[in-house]
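Reviewing the structure listed below.
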Amino acid sequence: MGMWIGRNRKARICYGFDEIALVPGDVTINPNEVDTTFQIGDLKFKVPILASAMDGVVDVAFAIEMGKLGGIAVLNLEGVQTRYKNPAEVLDRISNSSKEEATQILQSIYTEPIQEDLIAARIREIKAAKVPAVVSSIPQRAERFGKIAQEAGADIFVIQSTVSTVRHLSKEYKTLDIGNFCSKMKIPVVIGNTVTYSATLELMACGPAGVLIGVGPGAACTTRGVLGLGVPQVTATADCAAARDEHHKRTGKYIPIITDGGMNKGGDICKAFACGADAVMIGSAFARTQEAPGKGFHWGMATPHSNLPRGTRIKVGVTGSLKQILFGPANLDDGSQNLMGALTTCMGSVGASTIRELQRTEIIIAPSIKSEGKLFQTVQGVGMGK
Amino acid sequence: MGMWIGRNRKARICYGFDEIALVPGDVTINPNEVDTTFQIGDLKFKVPILASAMDGVVDVAFAIEMGKLGGIAVLNLEGVQTRYKNPAEVLDRISNSSKEEATQILQSIYTEPIQEDLIAARIREIKAAKVPAVVSSIPQRAERFGKIAQEAGADIFVIQSTVSTVRHLSKEYKTLDIGNFCSKMKIPVVIGNTVTYSATLELMACGPAGVLIGVGPGAACTTRGVLGLGVPQVTATADCAAARDEHHKRTGKYIPIITDGGMNKGGDICKAFACGADAVMIGSAFARTQEAPGKGFHWGMATPHSNLPRGTRIKVGVTGSLKQILFGPANLDDGSQNLMGALTTCMGSVGASTIRELQRTEIIIAPSIKSEGKLFQTVQGVGMGK
Amino acid sequence: MGMWIGRNRKARICYGFDEIALVPGDVTINPNEVDTTFQIGDLKFKVPILASAMDGVVDVAFAIEMGKLGGIAVLNLEGVQTRYKNPAEVLDRISNSSKEEATQILQSIYTEPIQEDLIAARIREIKAAKVPAVVSSIPQRAERFGKIAQEAGADIFVIQSTVSTVRHLSKEYKTLDIGNFCSKMKIPVVIGNTVTYSATLELMACGPAGVLIGVGPGAACTTRGVLGLGVPQVTATADCAAARDEHHKRTGKYIPIITDGGMNKGGDICKAFACGADAVMIGSAFARTQEAPGKGFHWGMATPHSNLPRGTRIKVGVTGSLKQILFGPANLDDGSQNLMGALTTCMGSVGASTIRELQRTEIIIAPSIKSEGKLFQTVQGVGMGK
Amino acid sequence: MGMWIGRNRKARICYGFDEIALVPGDVTINPNEVDTTFQIGDLKFKVPILASAMDGVVDVAFAIEMGKLGGIAVLNLEGVQTRYKNPAEVLDRISNSSKEEATQILQSIYTEPIQEDLIAARIREIKAAKVPAVVSSIPQRAERFGKIAQEAGADIFVIQSTVSTVRHLSKEYKTLDIGNFCSKMKIPVVIGNTVTYSATLELMACGPAGVLIGVGPGAACTTRGVLGLGVPQVTATADCAAARDEHHKRTGKYIPIITDGGMNKGGDICKAFACGADAVMIGSAFARTQEAPGKGFHWGMATPHSNLPRGTRIKVGVTGSLKQILFGPANLDDGSQNLMGALTTCMGSVGASTIRELQRTEIIIAPSIKSEGKLFQTVQGVGMGK
């Protein structure tokens, strides 16, 4: 297993979404009759899609709408929502800034300290709408923010950093004891990100309710360019799904994995599930909703990093309502709308009645996109019915 | 067989037309002396090419001209031809609409109900010209439309949906019993689309006269982007050809397969036959004929889908007469004209005197197109004779 | 050997110049001290490069200059040089025509019949300059033109068509008996094109003095697009070189192979030799010389084909004198000038003192060009000396 | 090992930086606590990065600043610094020339003879700032310049040509005896470039203090286009690292290798170390510093080559100070700034506490960049902390 890339040096070939496709089944199912339920801890969601903890995507209003539609939105406890009492004004400054100013303005905005009382306030605003409140922080602040969030009534707590491991070494600062934290918290804890079988097994042994998969997903990812680091999502998801299944076999506990990042289209989401995901986490597609606080702009939480920024503010535009992005009708044909329609149609076509069945559907390695074929192939769809 | 794409997860590598090429033979044949006959049921055609059941491609006049030239045009029974007494007016609206309006106008035009009396009328108009009438519907309407078409004198009935399987599950609606339908019909039934060995075997056991091959062919296909679904045509055709040969071995019945979609140039058609096709079905190349009702525009039947549209209206332009596209002379050098000339020249060059021999010619995997090489290589053709 | 591209269907992977690179040797040689001699029949040439039999490349004056510089130019006996007493006027019309008119004008110009007395005249004009005269025709006219050419004093006769085989089948016309022709001719006969081991062995058994290698070389080749036909030049050259070596082993006769087409840069020429070529044939690079009759335009002999044209008139521009293209100094850094300087420097770097040694140098498969890397890598050259 | 590229012809697959990625570790480390020390001879450097011996990158002032920051800058003894007493005026002419004039002006500037007294002068200017002086020449001038440099107080002498081998054959001129030169010199000698296991072993046997790795690195490299020559850096570095380890095992002497060229981003540098490099040599990234003498322009030492130029003058722009490029803060997010921050963050993420550990981290082969994925993936970075 692996190719020789040099004398005494082997490397595995890893795959991303663009390299694979799914195969129609011998049995097909009416898409209206498939089951897409996702369960984390005791909470069940009919939409197995999470909105990323990014400031251009999730604020209180977005989280409420997402909850009402059956999905999950993660509010970042270290973004503008907890740094500013009135984040709308700050978000306006970001969306109104020129391309040239953007990074500098972002860097300055994020130097404002986090106000801990705002953490509880945001959670209570979400809970007031009777939808689940899901919030996130980096490991260094998990102990402190986790306690506040739990007391404020949060339903799920997410610990997220570029790479999370059980064994983080530092003499400079005290590192988070993940196992201890998970057992101490009374609400489900989701942790990430990770991409390997072994690291996922170690994380799962700490007792989280879910694990986020994805480091430098997709080949154009900034993390991969800046640090050389990253595993494409097809391989990362399949490897971590194997760890989940192994953990399940050993302990009887099924800890779902959530593929995070690198999915651009409905088809990519379908593929993530086929690779073994229990749910997916998405940013950009939601940044394009009318409900998104970024007003058509999007930026990662590493963008305002003071010393080694990765990513930049990007104009994604506003293309429809959150409901439309999730359930259609699509007025774009590029796969960026009606994500749930795409998922159920795909499940019907491969004959998967549940996500668990979709996780075992046949995958092929198929040639990547050639521009010359675009014109002709775009119109080849036949069959107005399903 | 297959590559590891992740732990416990293997995937086959599949191929599209751009990845392969054909190899000249040790024997060559005068192109004028090769035999391209295609037989379906008892009908024989000297042009083994079908025009797709798309509204921008086939209307009554086109079907008549195609029949006279020795090929087959499939009239879609669910398009504008059966929804409107005077489809020309509707087609004008489509071709005159702006790029922005097109999808919306298409969506609105296709909400008009199908008038069943027009089904018979269209078929009789085609038959009046003494050429075969070939028509299509989706599985849900096959029972009803098949009966009408047969009574009106249709020669072949085509059942077509994105993915057709013998076992389609639904509690919501009654599914088509394909075997029962095929045995009940007195005219040949062609069914599709499918892409796998096993599904083709199951479909062939139902007794159709032909099977259409192609789901999400080509890498840029909308179905693949939106649903993640699709098998490139080289592999799909070879797999289904193997099913045809296996079915033939088991039952003595040779059921031809028709590769549908993903062919842009004469060379792609040649490759489809080399992969095992008995005939090919083509849309875009014919949408560019003077005879095509789309007047230089082209759209798939999934484009006006109300909830999850795939594909869009595309301007392909008008480049020549149907006769010219099929038999030349070509005034374009891109392989989009004189498709039969390309096919016979290719057969001559590889030394195949029949389509059956072409199906066994040597295929190579060859590097895909590099732009840098274009300038120099375009002019490298030598030898004015063949 | 070969990959499964579908059930019961295997295909070899073939390679083009863009996919490979050469490896520096453990020994290096002063480039001024390597030997590049190419021998065909009893004729020796210090420049192992032939100019293609194309009307935009070779006329009498070009052939004379090429001969003086030590190389070989092939004059096409079926182009404007033998159709028109004063071809300059006709060539002017081609170079002065607009892009839109070009194909039509070419088609009309090539309907003028060939004047046999011009064949002898052109050959005598070349011979008058005391350089070798090398001319070509298609197989159908070889018997007649070969005799005329030989009598007029031609030194080498080239028979060239897209695909040449010993066994060409036709009831319509009489086919050329290649073996008989070669033994009848008193001057060396070069024949092509071919790309396979077996066809090359059959051709060599007919007794030619050389064989041309290349059908649809390069991925963007028109023949490949229009007919689906073609083998990339790395594999074609290596396979036919193996046939040459086998023929040599069996008969003691060494029949050189000439790789024809698909070489854009000095590097591609070096690679062709490394794959086993004894010489290379090039069109476009020479079409850009001040001496070329095309005046910066270039077209293949299949371009004016009346029914199935392949290729088009292309503007390549004029970038330098023939001497400069062959020996430098290069004023462009893209590898299109000083081809012999590139060849000798490459031979020095891999430690090959002769073409025969270069044919055995190490080849690697190396990733194709990525645009992102261009900026930085273009400037990385270090070392002003050798 | 190797693929068949033709009959009787095999080739290894080689890899470049774009084809690979690094995998996060099961253990992670605080980036501030990793050790990046590079040792050559008895000299230790905390920045394992060398600035290339290019005239647009290194002059005396740059070398001094680089030395103060802990790295190494190589001054080319055959560039404008030793040809002109006042190189600033000449450099101005280069940066002020138009794109069209540039190559010609460069060619004319480099015809000025080298003034040997300037060699000693430049070295003394650098030494006056109490930082190491590192200088380079081609093999033909090494004997003469090496002696002058050593006497003037240089700390390291670099011999560099496109391809350096122990066995260079020439009757025309006397070749350098590398082993004799290394033993005669009292300061460490670095030699390059090379890319193969066997050539590296031979060079190391001559007793150099370091070896430069890289011939035609990257696919777009001019050397590869012009000469067909080159090995991608991943494979070249891994192969030569294996030679270093073998030499170490045999002799007990650890001779570091320096990967030179083809690194565009922080990520590429990280990957070079992961492939086995002890240090890296970089040009373009430093050409963009405020301190670089090229004032935003960059050219290779082969650019002004009179007969076979490779590369051209390129505008790279000025994006920050040398300190910023090396240590941040980055105001660009493309990986071209804060190279040391990228390196230490990568080491932390893979759990490597030293360069030697980084050399053994897991590498994967990952799909190359797809443009479609760029928009969405650029913003996917999550986690403001490390």
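Before moving on, here are some points about what is shown:
Every chain is named by a letter (A, B, C and D) in the order it is written, and numbering of its residues begins at 1.
Please note the rule applied: contacts are C-beta pairs under 8 Å (C-beta built on N, C-alpha and C of every residue); 3 or more make two chains touch, one makes a residue touch a chain.
In this text the structure is predicted, and so the values were computed from the model without any measurement.
Copies chain C and chain D of the same chain sequence form an interface built mainly from non-equivalent positions, shared numbers / all numbers used being under half. Among the remaining chains, D is positioned farthest from chain B, on the basis of C-alpha centroids. The distance from the centre of chain B to the centre of chain D, each centre being the mean of the chain's C-alpha atoms, comes to 55 Å.
Averaging Cα coordinates per chain places chain A and chain D 39 Å apart.
Shared contact sites, meaning residues of chain D that touch two or more other chains, fall at 12-15, 235, 368-369. Under the stated contact rule, the graph of chain-to-chain touches is a ring, a single cycle where every chain has exactly two partners. Contacts between chains, counted with the stated touch criterion, involve the pairs A-B, A-D, B-C, C-D.
For chain B in complex with chain A, the touching residues are 3-9, 11-16, 18-19, 52-54, 78, 103, 110, 138-140, 160-163, 165-173, 193-196, 198-199, 202, 214-232, 235, 260-264, 283-285, 287, 298-312, 314, 316, 368-369.
If you check the complex, the residues on chain C that touch chain D are 1, 12-15, 17, 20-30, 32-33, 197, 234-239, 241-243, 245, 265-271, 274-276, 328-331, 333-335, 338, 341-342, 345-346, 349-351, 362-386.
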